[in-house]
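For clarity, chains are labelled A, B, C and D in written order, and residue numbers in each chain start from 1.
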Amino acid sequence: MAFRKIINDPVYGFITIDNPLIFEIISHPWYQRLRRIKQMALAHLVYPGAVHTRLHHSLGAYHLMCNALQVLKEKGTVITAAEDTATKIAILLHDMGHGPFSHALEHVLLKNVNHEQLSLLLMEELNRQFNGQLQTAIDIFTNTYPKKFLHQLVSGQLDVDRMDYLTRDSFFTGVNEGVIGYDRIIKMLIVHNGELMVEEKAVYSIEKFLVARRLMYWQVYLHKTVLSAEMILVKILERARAIELQNNLHLPDCVLKRFLTDEYNGNIAGYLDQFCQLDDSDIIVAIKSWRSHPDKVLSLLCNGILDRHLLKIELQSNPIPETAIALKKKNVMERLNISEQDASYLVFTGEAVSGTYNPLVEKINILFKNGGIKDISQVDNALIQHNLSGPVKKFYICYLK
Amino acid sequence: MAFRKIINDPVYGFITIDNPLIFEIISHPWYQRLRRIKQMALAHLVYPGAVHTRLHHSLGAYHLMCNALQVLKEKGTVITAAEDTATKIAILLHDMGHGPFSHALEHVLLKNVNHEQLSLLLMEELNRQFNGQLQTAIDIFTNTYPKKFLHQLVSGQLDVDRMDYLTRDSFFTGVNEGVIGYDRIIKMLIVHNGELMVEEKAVYSIEKFLVARRLMYWQVYLHKTVLSAEMILVKILERARAIELQNNLHLPDCVLKRFLTDEYNGNIAGYLDQFCQLDDSDIIVAIKSWRSHPDKVLSLLCNGILDRHLLKIELQSNPIPETAIALKKKNVMERLNISEQDASYLVFTGEAVSGTYNPLVEKINILFKNGGIKDISQVDNALIQHNLSGPVKKFYICYLK
Amino acid sequence: MAFRKIINDPVYGFITIDNPLIFEIISHPWYQRLRRIKQMALAHLVYPGAVHTRLHHSLGAYHLMCNALQVLKEKGTVITAAEDTATKIAILLHDMGHGPFSHALEHVLLKNVNHEQLSLLLMEELNRQFNGQLQTAIDIFTNTYPKKFLHQLVSGQLDVDRMDYLTRDSFFTGVNEGVIGYDRIIKMLIVHNGELMVEEKAVYSIEKFLVARRLMYWQVYLHKTVLSAEMILVKILERARAIELQNNLHLPDCVLKRFLTDEYNGNIAGYLDQFCQLDDSDIIVAIKSWRSHPDKVLSLLCNGILDRHLLKIELQSNPIPETAIALKKKNVMERLNISEQDASYLVFTGEAVSGTYNPLVEKINILFKNGGIKDISQVDNALIQHNLSGPVKKFYICYLK
Amino acid sequence: MAFRKIINDPVYGFITIDNPLIFEIISHPWYQRLRRIKQMALAHLVYPGAVHTRLHHSLGAYHLMCNALQVLKEKGTVITAAEDTATKIAILLHDMGHGPFSHALEHVLLKNVNHEQLSLLLMEELNRQFNGQLQTAIDIFTNTYPKKFLHQLVSGQLDVDRMDYLTRDSFFTGVNEGVIGYDRIIKMLIVHNGELMVEEKAVYSIEKFLVARRLMYWQVYLHKTVLSAEMILVKILERARAIELQNNLHLPDCVLKRFLTDEYNGNIAGYLDQFCQLDDSDIIVAIKSWRSHPDKVLSLLCNGILDRHLLKIELQSNPIPETAIALKKKNVMERLNISEQDASYLVFTGEAVSGTYNPLVEKINILFKNGGIKDISQVDNALIQHNLSGPVKKFYICYLK
């Protein structure tokens, strides 16, 4: 009897693993570690159900990849068994480089390194451990494999990563307006001239997909309370780092400490194993230990995030005037009797930018029955024109109430 | 113990009737008749689940009205018990004037009368039967009641009618991209300056609502196969009428016959009871009896719709050229050996127009926290600008394959 | 590109037809007719969403069959392409023999013939039309095909028919306690010793399935209001038949009339085409025409069902005492001034029997990891022992209020 | 405008907080801490979606309580505003006494104290902080309040705690056979003779509820892999404690250490604040630090749980024979070269007992229309008789593969 493991998923019902190599990869400690990293960082402070993990998301994306590959094969696209497995591995591992609290702490714990670069480093190391069996997956992931559409399934305007996270994040937050018709879109995928496209019948589903994404950005990912919480998290780590430089953090020797002191010194490849020892819980425990740290700013921020007493936040379309910032800082400096530099951890500004469809960067091609091809923004009566085509930027200020 | 009836609804869980007058209205034969009229006419030829009824839709809209009124009262809007009941009755009866196959045969069975006019006539007659207890409901329905927002709940850009039919039609068709966040929108309704508005937080839900509506129009309501089927239905009745004028229809004396011969002669008020005897089944049975009618055109159309062998249909953005129509007609005339007039039942053109949000006609006002009010098309980075603001028109041609 | 049609289903998402023969069968007028027959007869009088059709159910059962066959093949059971297609056809056509209002009028319109017999007659005729291509499907349907498990998938304790109707009826009624884990059960199906079994891991799902079935019987299928409505329907047709015998029915010549007068005289095979012209609408239109029939009993029953003024019904565990019946009959005879025989249409008794799992008749075999096999009622701590093992019978009386 | 906070919940849609005191309680750090305790401990190792929190569950139970109180009031039961608020507070706080990993570590971190006792201690302290405003809630929680039915809603055979956790755990695991008809049961609740009962119409829903609970126990809560993982967790803490007694744990001074050394010495009331500093993350971080502990047994167990390499587990109906245990222990002793006592952390037995309905302990009373009252196990054709009436016990052995 064939190899076959079944995993219950509240979103798709069942996820099937029918390849021993894929099962081995899932069983690797580096993959299992994704159980301890929340997909949506601190969104659960607003949406209490949003506590699902990176592991769950990547299993979900893998499931959609299985469906997508099946559809393309049924439509006559040649995909060998090796390519099939490799593409599934590429999607399983695409997010492996995420550290604690995913995007929220990206570039904070590890400066100048993003999660895709880390994913690639980790995949390369795994490839060594698995005797080269991941090479095709890496080629697909880095878009050096000749069949471009396989990379597009992993990372592109219509990749299964995006389809899963929108679907899954909608499901767990309960924001069901974010629901997309992933099954219809997948059924309408087609490869034409070596590129991934969608059939004409899916035009409205694609529009809906782009609008759902827009909604999820503003209603969930960039929800102002979530934004405030995640910025506090960033400020906590920045403050901790500053205190540690003065050897005052009193943090016991631990992996987290090594990253706070930038011990790896740019040589992240040599610290992969250490990096993979980190997860959300290290940050939480550190923050809890700093609740009563003598540094007023650090303890205030730590208590804030643990007890959900967040900084106030205001979003607007225009940059925050300098005078408004100065006024709020002055107020905090006086109330807490702290320096301006200290106050900058409690009063600060930033920009929130929604990820959106940008046809200048990459197209979503619609294949018409008559053989014509148009970008989604070019179809008749297109919804997605000037509006959704570029990212939207908003400016915010966070400050102590 | 208080009066209380509970009805299972797969969409909302349970619908509660806690007012004896409302229960009596629901029990009236004219209301019960809505059980025998499909909400979506012939959409089930494409979406087999879409067989739900007008009765179910109006009960659903009533349920959403209960929620909306509750929310507004909790926010401090004064709504008396009498107004509460009247608004619920108004929504329950808003669609009572629909005849067989709802919109598909509107203006076909009864010329020059639309379903709202019929609903009003029926409500007035019911008001007599219920000794004037429906007067406030009628005033709200006809927008002559001072509190305008009650009418807006029944019929307006954000009425519960629309919220229910989009939700319900999505549910029964399985087109879940049409799902809207009705519960969020309802929770965000507010009355300001006597007008129904939505709070700022619902902006993305409203955008999503308008986009879902657009999607449902093109993917479901104006799906080309549905359009073809519903036009065949129209042609069947037109053909039957033409034949009946020559006394050749061989239809036994029945209510349907009286409407086909326009016996009521414009005096629909005198024929309300007869009208309420009609439902989908009369049309189906007539069509089945015409399967073998000697008139070639009639039998061909009737068999087509019963066996789902529909006319071919093509949609496009520009009007169909006269020459193309003539060519197809000629082909049919020759194949079937029929006159040009007869062929016009088998080759014909038309226009499909999607209902959309038109801010020129009626606004969806967003109430901002700072007290400002903007139409949804005027908010920052609005999705709904030039695109969704006017109806979209497409042209189609149907013809015998 | 391969043949491929996709149908939206609110229950399973999408149903795929990838075989031209199966598509042709679905396109046959006899199959399309199932669109006009409600799956649950008059259950919609209690559960307004329950208006789905026999066509929809059989498409759903076909979909589950596709999944089940796929699972068995993945587990190593040999199923040829011809057997695969034949089994799918068998399930598609298993309910084709249903007439108007399905079970409610079975044995009423056609005496002494059940729907399975009719399904077989229709399949045999279709087999002639399709030049013998349905022979294997017929063999599987009649359990004369050597691989018994194929028949068990079509008709057995764990057939996909049952799985679909429980799932679908739950969905459309909104009685979500009836939801079963069809996907888990199907994933756990296995063929052992040529018999269909389920793997050990599915024990609780099977128990749940049997309990859900029990619940659906008493809460939905045998709901007392549904029972009353469906018995009125039966009484209407019996009364109509009695009146017609005296040539007083005033029914225009039509197909229904031929069945009311038993014109076919037992020779149903010669009347198959006529039978397939009947559907729910014929009954509805006849009942509407009898609303004002001079026969007091007939018009009373017809108005009752159309306006949902049903007979009162009482269910109990013991037979209704003769005296109680006599008393109620006397009351009706006096109030309406009718004979005792006439009163027997308005006061009558009957038995409601729930279909349940009976291990004496057919077993649900559980295949244990250690190779052992036990009936579901024999596993450790079995829920299903003496209780669910036999049908439960209740006695009812219906009478005019 | 009235006080009103709305929380998105994927299970129920929206949860409304409309009372400032309740909002203050939810904002208390002790309540917010429940965000960091998983409802289902390690069930996510089998069901990856099962990562929802104690906070989410108690908010859900609160929501159902709001519905239940509303239903009872509509049915005429007198519930004052103060009682209404108090009952809601009681359910919100009923699980506050849970520590890290909820049930899995109950009695392990704190010996001889269960979570209900801790909840009460915490409620009493909160009552002081809130100036006695929680007194009625405490009386209801401890069942000393005269209206018994309020306590029954919080803790009883049909309490909203159970309804929420079954519903929520089904939702997040994706085991949808566990879905119960909570809304129907709540709508059928009624107070009679001062006791909580359900109306006759809910009989099948109650049966279904009890069966779903049984299924959830065996398929989820006592799933053998979950059981193995949670027992490893227990063994880890037991082993850590034993090592700490010899001062070899090398754990930095922290709250967890104080509980491992039983510093509180039975005086838990004086350590409430310390207890409330603990959550899942402390355990995870400790386990990660013990991955490379010199104690072979500890590091083996810690790596096992982090990387999901669990002990093998076997369940059976009879106790595990001593000889089988001894054999497995011997094998482990030899392979790892450890003592028998050390081996007892890697080879051990235990009992899994499902919580079930036991009519001897507490009844589920059904109120019949005729005024009669019967326990659910006494109704006609009861499903729940000998079978579900007592708990089921299974015996298991865990051992190193």
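The rule is simple: a residue touches a chain if its C-beta (ideal position, glycine included) is under 8 Å from a C-beta of that chain, and two chains touch if they have at least 3 such contacts.
Keep in mind it's a predicted model, so treat the numbers as computed, not measured.
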Kindly list the shared contact partners of chain A and chain B, in label order. C, D
Across the interfaces B-D and A-D, which one involves more C-beta pairs in contact? A-D
Where the CA atoms of chain C average out and where those of chain D average out, how many Å apart are those spots? 43
Chain B to chain D: how many Å between their CA centres? 49
Mean-CA-position distance for chain D and chain A (Å): 32
Where chain D touches two or more other chains simultaneously, the residues are 13, 175, 184
With touch defined as at the start, can you tell me which chain C residues reach chain D in the complex? 175-177, 179-181, 184, 204-205, 207-208, 211-212, 214-215, 218-219, 317, 380-383, 385-388, 392
For the complex, give me every residue of chain A touching chain C. 1-2, 4, 6, 13-14, 18, 74-76, 183-184, 187
Report the residues of chain B in contact with chain C in the complex, numbered from low to high. 7-11, 13, 27, 29, 32-33, 35-36, 44-49, 51-53, 55-56, 59, 171-175, 252, 254, 277, 279-282, 284-285, 288-289, 306-309
